[in-house]
Structure formats: C-alpha cells, structure tokens
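What follows is a single structure, and I will ask about it in a moment.
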Amino acid sequence: MNQIFESILDPYYMQVLTLLGIYIIAALGLNLITGATGMFSFGHAAYFAVGAYGAAILTVNFGFPFYIALVAGGLMASLAAIIIGFPALRLTGDYLGIVTLGFGEIIRVVFLNMKITGGAIGLSGIAKETNLSIVIVLVMVTVYIMYALDNSRFGRALVAIREDDIAAESMGINVMTYKMKAFALGCFFAGIAGGLYSHLILYINPSDFGFAKSFEFLCFVVLGGLGSIPGVILGTTVLTLAPEFLRAVADYRMMIYGALMVFMMIIRPKGLLGDVNLHRIFFKKKYQKQANRSTAAGG
Amino acid sequence: MFEQQIINGLTLGSVYALIALGYTMVYGIIQLINFAHGEIYMIGAFAGVTMVTMLGQGFFVSITVAMLVCMVLGVVLERVAYRPLRKSTRLAALISAIGASIFLQNAMMLWKGPQPVGFPQVINDAIYHIGPIEVSKVQLIILATSAILMAVLNYIIKYVKIGKAMRAASQDYDTASLMGININRVISFTFAIGSALAAAAGVLVGMYFNSVAPLMGVMAGLKAFCAAVLGGIGSIPGAMLGGIFLGVAETMGIAAGFSTYKDAIAFTLLIIVLLFKPTGLLGKPIQRKV
Amino acid sequence: MSALLELQDITIRFGGLTAVDEVNISIDSGTIRALIGPNGAGKSTIFNIVTGIYSPTSGKVLFNGEDITGTEPYMITQKGIARTFQNIRLFGKMTVLENVKIGQHCRTKSDFLSAVTGIINPVVKKEEKEIEENSLQALEIVELADKRYEYAQNLSYGEQRRLEIARGLATNPSLLLLDEPAAGMNPLEKQTLMKMIRKIQDMNLTIFLVEHDMKFVMNLSDRIAVLDYGRKIATGSPEEIQKDPDVIAAYLGKDVD
C-alpha cells in the first residue's frame, strides 16, 4: 500500500502526513485523559518521549522487531504514567496540570542525563520502520478504540468522573482506579505514537520532548474540541498543517501561528468541534424516532 | 561556601519572586495561568537593553521605561487574548495564553534574531567582601531593587484603594463585583502591576548575566510559576517566599554538583511540596464540598 | 424486625465544631425514616457519614449488621446504599439514560478490553443490553423514560431531582438516602414524588430521607428522628414528634416551655 502513496505523493508531504497521523494518535490519547476524564495533563510529551526512546533503544541496542518494540514502548509509557499517577492523580485541576508538567520536565532531564539515551547528544542510528500506511492503520485502530470506549461502561465511568467526581464515587465508581486506568491508557497511545515518531525521524534528542511539545498536544485537543474525537483529529490536522500553509509568509510564520491560536480560541472557545456531537447529527432521525416512540407509548 | 551560595541564591530568588508575583496576582483574581507572563519578562529585558544601547540611558531610566512599556503590554495582552475568554473554560484561556506567548517570542525573534543580545554594563561593577562572602554591586542592586518593589507592592495592596479592590476581588470575585468594584479595571491594574514587576526582573537578570534572548522567558517563566504554586498560588507573600526558596534551592543544587539536573530541581521541589501540602506553603486548604 | 442501618454514638468534629454529637439512629428494614431539624443541624453530615464521604470522629455505622465505618464511598454503594444530593449532582453533559446507566456501574463488570471487543463479544453485548433495560426500568419508576435522550442539564429542577432518584435506584440498593428530595418542587410535583417514594418502598427498599417540608415528612414517614445542633433530640412516629415539646422548642425557639 505504501508504494501507492509513494507514487502519488512527494516524499516531503508523505513525511508531513505520517507525522500528522502520529500526532493524532498521541492527541487522542491525551483526549482520553483531559477530554473524557477531565484530568489536566501538561506533560504528555514525556510519555511520547518514553515511547520514542523505549522503542528505539529496543530496536537499536537489543535488535527487537519493530512491532514488538512499539508495543513495549507503549507499555513503558503506561508504566511511567502509573508510577507518576500514583502520587499526582490525587491532585485535581491546575495543580494536577502543573505537577504533570513538572514530572514531564523531570523525565526529560533524566533522559538528558542517561547513558543509554545518548544524553544531550541524542539517539541516532534508528532504522526507518514507520511509514504512512502503518500510521494510517494505527490511526484507524485508535479511532475505533476511542469510539468503542465512548459507548461503553468503562468510557461512561470516565465521563461521569469528569462531570462530578463525588457523584461518580457515590454511584459505586472507584474514582482513583478509573483515573489511573484512563491516565495509563492515554499515555499508552502517547508511547505508541512516540515509537512511531522515533522510527520516522530516525534521530531523537531530549529537547524534542520538552513542555513546548506537551502544550502542542494540549492545543491540538483543546482547539479541536475537548472530548470530541473528530474535533481532536481536526484540531491536530489544522495545527500540524498550518505551518506548512503559512510557509508563504516565511518569517512571519510562527508569529501568525501564535496569533491564529488566540484568534481561533476567541471565536470558538469550545474548540472547532466542541459541543458538536457528530453521532447525534448523523443519527438524528434515529434519536428522534426513538424519542417519539417512547413519548407515544408513555402518553 | 554556604553563605556565598545563600547570597547567590537570594539574588536569583528575588528575581523569581518578582516574576512569580505577576502569576500569583492574576491567578488569584481570574484563575488563569498567564503563560505569556514569561514573555513579558523577556520583553522587559529587551526594552531595558534598547534603552541602554540605543538611547544610552542609565540603569534607573532604563528599568523605569521597561516597566512602563510592559505595563501597557500587559494590559493590552489581557484585553486582546484573555478578556474575551473570561467566561470560557480554563483550558481555552490557557491555550490563548500559549498562543500569545508563541506570538511574542517570535515577534521578538523577528526583530532581534534568535541569538542572545549582550547587555552592556550600566553599573561599574565592584565586588565587596563581607568576611568570606563576595557580593557584587549588581547583586546588591538586584536585592535592593526587588526589596523596594515588593515593599511598594505591599503598600499598594494594603493601603491604596485599587490595591484593596484587588484583594477583595481575589477573595471573592462575584461579591466584589456586586459591591460596586469595577472588576475590569481591577484586572487591568493587576496585569499592569504584574507586568511591571516582570519587566523589572527582566532588566535585573539582563544586567546580572549580561545577556538577553527571545527565549529567556520560557524557562524563567515556568520556574517562577512553580515558585508561585510552591508558595501557594494566589498568595502574595507565598510568591515571594516561593521565589526565594526556589532560587536558594536551585543555587544550592548546582553548587552540590547537580548542575545537569538544574531544570529539574524546581519541579522536584514543587512536586514534593504539593504532595504534602496540596495548596502550597502559604495557600489556604481547599475544602471538599458535598 | 431487624435493623438495616444502625448509627451508634456517631460524633464528628470539624476543627472545633462538633457537627454531629453522639447520635444513635436505628432504621428497620422496609420502613421510611425521616431525619428533620433546623438548618445546620447536621442532617446532611449524617448522610455523608453513612455514605462514607466523611469518616466519623467516633462511633460506628452498621449496615446489615456489618461495620462499614470509614469504608470508601464506592464500596458502600456496592454494599447496597444509594443516595441523592441536596444540591443536585448529576452528570450534566450526559444524557438522562447515561446518567442512570452509571448507577448500574457497580452491578456490572465489563472493562476496557471488553469495551474494545464489544462489537463481537456476546457477553459484553448482553451486559450492555441488561444495563439498558435496568436503567429504563429505573427511569420508568420516576416517569422520565421519555426524556432519556435529553441532556441531564436540560431537565427541569423537579425532573433533575427525580433523575437522581432513578440513578440511585439503578445501583440496586437496599437502602436509599434522599437528601431533600422535594426541595424546589411545587405541591403537585410533591404529590407525585410521594407516590413514587411509596412505590419504591413497595419494591422492598428502606428509605432514609432528609426533608424540610413538614407536610411531606409527616405524610410519608413511618418514624422520624429530630436533630438540633448536632444532637438527636427526639425519635418517634409523626404523631409523637408533632407533640414533642423539645421539637417544638427547637423549631420555634427556646422560650416555649
């Protein structure tokens, strides 16, 4: 399948689209944490980094097959999330945000000081394993999982925690355990995305994974529409491709990018697709029919 | 050289404290993490450099002009990027703040280039010896300026009408507005004061390290924010205490040989404090309301 | 008849304030018990102790003879105590049906992996169907089934109170705690609510409620406990309570002798 893409797309755009897919996976992971469960996480790039380094070290130093390394990278990110979540998830709101940011920076500094990660010099010699078709498949799998969760007992519990954690606990939900599961799961996707990233870019360095990257992920999610799966995909797409389209304005590119973020937030404070439930729009008839039927039966 | 490190730490800490005050005052009233505050500090530093190099002004004029410039900038920032989002979610305002921060950084890079710019010596630096401790004149100026600014702030908050209004608004926003306090004016004023303090910090740091750079506000801003949270966000004495605490701890950490972990020290401290005292050193405990 | 819920010498202090002072209450299975008293008497605090949100400073909570003092709130719900809140706490951005489905959470099992395999996994499908059916049943009791696709935040005040009851019922409780269920309702709504609560009692549930509306309480309850400044000043049937001099004093002021 990749050959088909290669024949119709310029290598540069292939790279951009692959990266976009990788970011969508990571952003959907963050959406599960912040959008569905309502936990602020300002350190998502750190779990992305754990996956990137974890998978790359496994393939480069230990000769693991790529797919196994990829999953292992995801699991390592989950493990990091569980270790950090244990103390951090007792906090809520902005405090949780700042603590996750802090842990994120600590992880980055630790990578900067480790031998196996190559420290500040970074890790190179990673084989190119990621390509557009793999990423497309994984994006589809991720989107499927997110939708499946949305309409499940598990997903409902997360949303209930976001809406009112005390009421959720009083309905028999073990809030702490579910927060932990959501955090670990969201970070698993960050880790998978990270593994794909390092096998695409082929060279990684701790400075790629600072809090600026974490905020970038957060922007994808919030700007697209917190909690909305199509919103997150749209937000990630707009913000990842915007710099490409802004190439025409060369030097002013990043300045306009910043201004654009402010502007978009002001005109759509709930995000591009915030409060837009596509499921409801597409299945409007079905909802109405059911509602009518039950009213008729009841009256 | 423990005493020496204390002096160095106090110098750095008083700068963190000046920046942290802006974060804490804004957060106290509108619960917004003003992520563009670090950029205000950076622009303050550049305004200082410009005054010195292009207009040949001395320390006093430079720092005053930098403070005035940033006051205006802070007020404009709030009007443009935050006020329209005041009733929206916190995350929306946060993203707007990040956007504003990216905008300001890149605007400055466009103007001055990404490389650091030298800050010429405005003070004939001298070293004083007090027993075994060395204190430079610049350090003394930093400490004195910070102390004076904090004293002025304290006076405004306690005795001036608008300062009292600020305190009222941070205690209870809704009641304050019902009592006839013009909330918009109070918020503008808060941004003006916070930005002026950050600008002063920028000029002082530029003078201390003899250089300023468009990205200098990123880490400094983040650490100052840590200092504010550490001290108890919303609390003015907390921001001062948090800043000093962080500055001293960081200097000590570097002296103890953890220099490659320098940027992690602030966060580690913050996390430890929050785990034991979830609202910071001087923050009021949150009650779980059912 | 055995006691379903028993509070033994419950005391709770917040700082220097004793909010609840050595309160004993014993509720028989299948009855409706009301807890009344002036504002700030400690009624909601007692609910919060029973449901595990607060831990009492001293004393014991026995449920079905088992000591549940200090147990986590979610485990107390699993053991069969459900509640509503004085200041409504619904999941506003979830639909009415989803709100009630949350109540079924502690009676079902499927987790993350089963969610992902949901479309092909018959066990999960069956469970989801059960959740839906049970939730609809609960909604029918409070007459909200036709609003099931509305967002909870768009319901009227009285409907929201009823939805909270349905959500509580969906946890299959044996004891239901209602914190001011009639607050903010008009007389007609109160009449309907009373019928609903009787219907719920007939389903073999025990009801423990806090309510300010005396007519409502006197009509509905089997027994009433009265709280004043954290102390229990009287227990008895509605008739006894209405005649009790301490209760009259608590409500009208101490001058009445």
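Residue numbering begins at 1 within each chain, and the chains themselves are lettered A, B and C in the order written.
The working rule: a contact is a pair of C-beta atoms (placed from the backbone, for glycine too) under 8 Å apart; a residue touches a chain by one contact, two chains touch by 3 or more.
Quick caveat, the model's predicted, so the values are computed rather than measured.
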Problem set entry | Reaching chain C from chain A through chains that touch each other, fewest steps | 1
Problem set entry | Farthest chain relative to chain A (centres taken as mean CA coordinates) | C
For this session: Could you give the separation in Å between the centres of chain A and chain C, each centre being the mean of its C-alpha atoms?
Result: 39
Exercise. Centre to centre, by mean C-alpha position, how many angstrom separate chain A and chain B?
Worked result: 31
Seminar exercise, completed: Whole-angstrom distance, CA centroid of chain B to CA centroid of chain C, is 49
For this session: Going through chain C residue by residue, note those that touch at least 2 other chains and give them in order.
Result: 53, 85
Problem set entry | Residues of chain A touching at least two other chains | 166
Seminar exercise, completed: Two or more other chains are touched by the chain B residues 288, 290
Exercise. What part of chain A is in contact with chain B in the complex they form?
Worked result: 34, 40, 87-88, 90-91, 93-95, 97-99, 101-103, 105-106, 109-110, 112-113, 166, 211-212, 215, 218-219, 222-223, 226, 251-252, 254-255, 257-263, 265-266, 269-271
Exercise. Contact residues on chain A for chain C in the complex?
Worked result: 144-145, 148-149, 151-157, 159-160, 163-164, 166-175, 181, 185, 287, 290-291, 294-295, 298-299
Exercise. Which part of chain B faces chain A closely enough to touch in the complex?
Worked result: 31, 33, 35, 80-81, 84-85, 88-96, 98-107, 109-110, 218, 222, 225-226, 229, 233, 260-261, 263-264, 266-268, 270-271, 274-275, 278-279, 288, 290
Seminar exercise, completed: chain A partner, complex, touching residues on chain C are 51, 53, 72-74, 77-78, 82-83, 85, 89-94, 98, 101-103, 105-108, 110-112, 114-116, 118-119, 124, 127-128, 131, 143, 145-146, 148-149, 167, 171
